[in-house]
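What follows is a pair of complexes built around chain A, which joins chain B in one and chain C in the other.
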Partner chain A sequence: MRETLFMVFSLFTIAAASGVVLSRNPVYSAFSLILSFFGLSGLYLLWGSTFMAMIQILIYTGAIVVLFVFVVMLLNLQTVRENSPNLLFLVGAAAAVWLFSLMILRVLTRAIPNKAVEIPTDQLRAISKLLFTRYLWPFEVLSLFLLVMIVAIFAITRTQEIPQGGEKK
Partner chain B sequence: MSLLDLFLIPVSPVASFVIAGLLLIVLQCIRSPKLKGITKIVALLGPLGSLLATWNLFKSQPLAYSLVTAGSYEAWLNEFILSYHLDSTTMIWYWAIGAIASISFIFVEAYFKDLEELPEILILLEFIAAAMMLLVSANNLLMVFMALELMSLPTYVLVGVEREKHFGAEASLKYFLFGSFATVLLLFSIALLYAYTGTLQFSQISNFLMVPVGGTNPAGIMVMAASALFIIAVGFKLGLAPFHMWLPDAYEGAATPITGFMGSAIKLAGFGMALRLWWGMLAPISAHWVAILGSLSVVTMFVGNLGALRQRNLKRLFAYSSISHAGYLVLGLISISKTGTQLDTQNLFYYLVVYGFMFLGVFGILGLIEKQTGSTDISTFEGIGFSHPLLGACLAILVLSAAGIPPTAGFLGKYLLFADAVRTGHVWLVVLAVLSSVIGVFYYLRVLVALYMTEPSQRIILSSQSRIVVWSVIACAFCMIFFSFFPQRLGI
Partner chain C sequence: MNFPLSMTYWSHFVSVAMFALGLLGFLLRKNTIVVLMCIELMLNAVNLLLIETSMRTNTPEGIILVVFVVTVAAAEVAVGLGIVLNLYRMKGTVNLDHFKSLQG
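Let's turn to the complex of A and B:
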């Protein structure tokens, strides 16, 4: 069961990651990136690392990829035009292959302990407990920070109200 | 000791600003024209309450607090005591921040009285002031980082709050980009130190560094890289010379009272942080950074004073002047000596406060004139010494103090700093510093010439509502004379 799930998530991640590189439309690339992050977070879940799985989706999918998509939309990028495989492409491919083979070699030549590092099963509870006991004071300061940012955004995005029939102040 | 003594009273100066800020937010939710007048009064409650709370804290023997051994309380209280540094030095810092905040709130309220965003500006200022107090009393790198960001991010917004005027948006963007770059460097150096020592606490890091670190082992390189990054990041924030590019633009682009606040209070808090970082944490390896900071300070003085020579806009002129003052202050920072475990910070603090009130007063006057004429060019100020004798006299006193001419506190401050530097062996730095302040006298005198030796080019009529601003400016100018004759009032 575990092995099957591992294979499914890995293949899914790899397929989505190749979608990022291979698709011609940058928006499709960004969406494939989201999919590959979901696959990765599934792998984290399999290892019992619930916190990492959640943060992976929240931060990468929720914030970073959305930012990518915004940039792509704002810049109004068209489909990248067809290029023939030039020197830069070859160098990039060679570097990728080299890095990949290094990692594979490392995995194959080192005896990997059968049991990975024991991960505490209740990570979320442990982190939230620390946040609300030991690190309560920094946490409260952080909440102030969020409040200030909301006010600051109001201050810069507020448009001047134009009175009826009058000129803008 | 109860929770009251350990937590509530120590944070009360900070909490006063926060509560005033929250009250202002609530007031904004009730959209009633009657409450508009109350807004300004509530905003002033923040700094005044903070001064009161500081006085109360001062009376209740803060030294006893810092000696409390953490460990026997609840987890969060232990962590709070460890992360909150409170001694007589911090207390003086609180006084200065409270006083400068009160005066700049008056300036801001008068300058922006017709602007619809006034409440937002006041709310942001309250939180910035609270963050400044957290910054000067931070005792671990986590609090330094959070307080610094809580202080900087609203400031970027305040610089650009007048989008249509001048080039506020451009200045804000420039300040934001430079500031966030500095933040990244600071974060990187914090990470390096954490990786090496495994703690964020100043005292524990300091103990770690007591063990001599060699130049070639990887750990030594890590510490060296971290301390170099600290110099760059804090240099950006304080506007030291190779990292000062953003400062004239940001100071010129921001609205005048905001610039006054940035140049006085934020610089004060920045130096408070620098003091804690270098003398509280990196003191054991001081041999490595004193020389670097010393050369930075000389470069900063010359860049500031030479840059100011050609400016005709007084706002930009005083922005460069503040760069040169940062140079003198860094010279003071590196020549702090230790008696026992106590640092002799009085002379540095004296100069900081005198500089803070000087800058604030000058920008109060600039704000008044700009509000009436729409310009801060030097030609606007021609003949003001005759048409408005009181304002002219105040500006003259403040400018003389900035130049360091004897009867003012600016002279005494410079003298004390330079004497300290000579005592700790930085004779050559002092020679260069004196040389650069002689250059500085030239452009300060140009302001005086415009005030008293030229015919008024236009009539400036001040509105009667600006009386409170005039009184605040007089208070700043009075400080320049008062602290010169009674320096012991500032703990000298």
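Let's turn to the complex of A and C:
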């Protein structure tokens, strides 16, 4: 039962992720991204990690994709003209396919125990204990990093000093 | 391999497929916003692998790493979209082919 559900969520996630890459309209890409994140959240839930499933929906769908949609709406974009396949395009596609085949070969030939594993319940207490004892310094550095990012974004998106028209044509 | 492959196999497959799709979009798409979305896809592929390993071996360190990755991803998207906004203000487009000021 759990394996079947997992398979369904996996295929759903991959289909939504390909929708992100393939759709022409960036708004459709953003909504496919939302669907893909919901599928991933289901996968996390099936692995027993309820905390990360919740974080996935709250942060990714609730904050990051909303930011994407907001910027897409703000810029009032026409659809960007994609290139016709040239040499560089083919090289990029070949690199992605090559990497995919390498990784999938590695996954398929590895000796992963092909049996149902014991799914642990969420170790939220263990996570928080580790986060505030052994990983306290990375945690604090991360909060400082977030502060720096806030200041940087304010500095970047200030409107006064940006010359209208930019560089000369 | 008997057919209902285990959840570990499926996790690895989804992770690899999502990473490859993200890489494909990152290399091929010309819309800067979609390129940022593809970076998100790649980060999420890594997150799935981390959570799978962490839950399978019952080690909470993986989840902590994922929390860090999510935070950095959020910051990265905010800065990236700020840069995209500025570029749009200066150039009037988000097509990556038009951003050639740093090209020699």
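In this section, the second predicted complex is superposed on the first by the 110 of 169 C-alpha atoms of A that agree within 3 Å, B and C clash if a C-alpha of one lies under 4 Å from a C-alpha of the other, contacts with A are read in each partner's own complex, and residues count from 1 in each chain.
Here, a residue touches a chain if its C-beta (ideal position, glycine included) is under 8 Å from a C-beta of that chain, and two chains touch if they have at least 3 such contacts.
Just so it is clear, the structure is predicted and the values come from calculations on it, not from any experiment.
Enquirer: Output check: A:142 vs chain B and chain C. Expected answer is one of first, second, both, neither. What do you get?
Expert: A:142: touches chain B and chain C.
Enquirer: In the overlay, answer first, second, both or neither for which of chain B and chain C A:133 touches.
Expert: first
Enquirer: Contact-wise, after the overlay, does A:86 reach chain B, chain C, both or neither (first, second, both, neither)?
Expert: neither
Enquirer: Which chain, chain B or chain C, is in touch with more residues of chain A?
Expert: After superposition, C is the partner touching more of chain A.
Enquirer: Pick one for A:156: touches chain B only (first), chain C only (second), both, or neither.
Expert: Touch partners of A:156: chain B and chain C.
Enquirer: Scan A:109 for contacts with chain B and chain C and give back first, second, both or neither.
Expert: neither
Enquirer: Does chain B (first) or chain C (second) touch A:3, or do both, or does neither?
Expert: A:3 sits against chain C, while chain B stays out of touch.
Enquirer: Do any residues of chain A touch both chain B and chain C, and if so, which are they?
Expert: After superposing on chain A, chain A residues 135, 138, 142, 145, 149, 152, 156 contact both chain B and chain C.
Enquirer: For chain A, which residues are in contact with chain B within the complex?
Expert: 133-138, 141-142, 144-145, 147-149, 151-152, 154-156, 158, 160-161, 169
Enquirer: Touching chain C in the complex: which residues of chain A?
Expert: Where chain A meets chain C, its residues are 2-4, 6-7, 10, 13-14, 17-18, 20-21, 26, 29-30, 33, 36-37, 40, 43-44, 46-49, 51-52, 55, 59-60, 63-64, 67-68, 71-72, 74-75, 77, 80-83, 89, 92-93, 95-97, 99-100, 103-104, 107, 112-117, 119-120, 123, 126-127, 130-131, 135, 138, 142, 145-146, 149, 152-153, 156-157, 159, 162-167.
Enquirer: Which stretch or stretches of chain B touch chain A in the complex?
Expert: 18, 25, 74-76, 78-80, 83-84, 116-117, 120-121, 123-124, 127, 130, 134, 142-143, 146-147, 149-150, 153-154, 157-158, 160-161, 163
Enquirer: Of all residues in chain C, which touch chain A in the complex?
Expert: 1-2, 4-14, 16-25, 27-31, 33-34, 36-38, 40-41, 44, 47-48, 51-52, 54-56, 58, 60-61, 63-64, 66-68, 70-75, 77-79, 81-86, 88-91, 93-95, 97, 101
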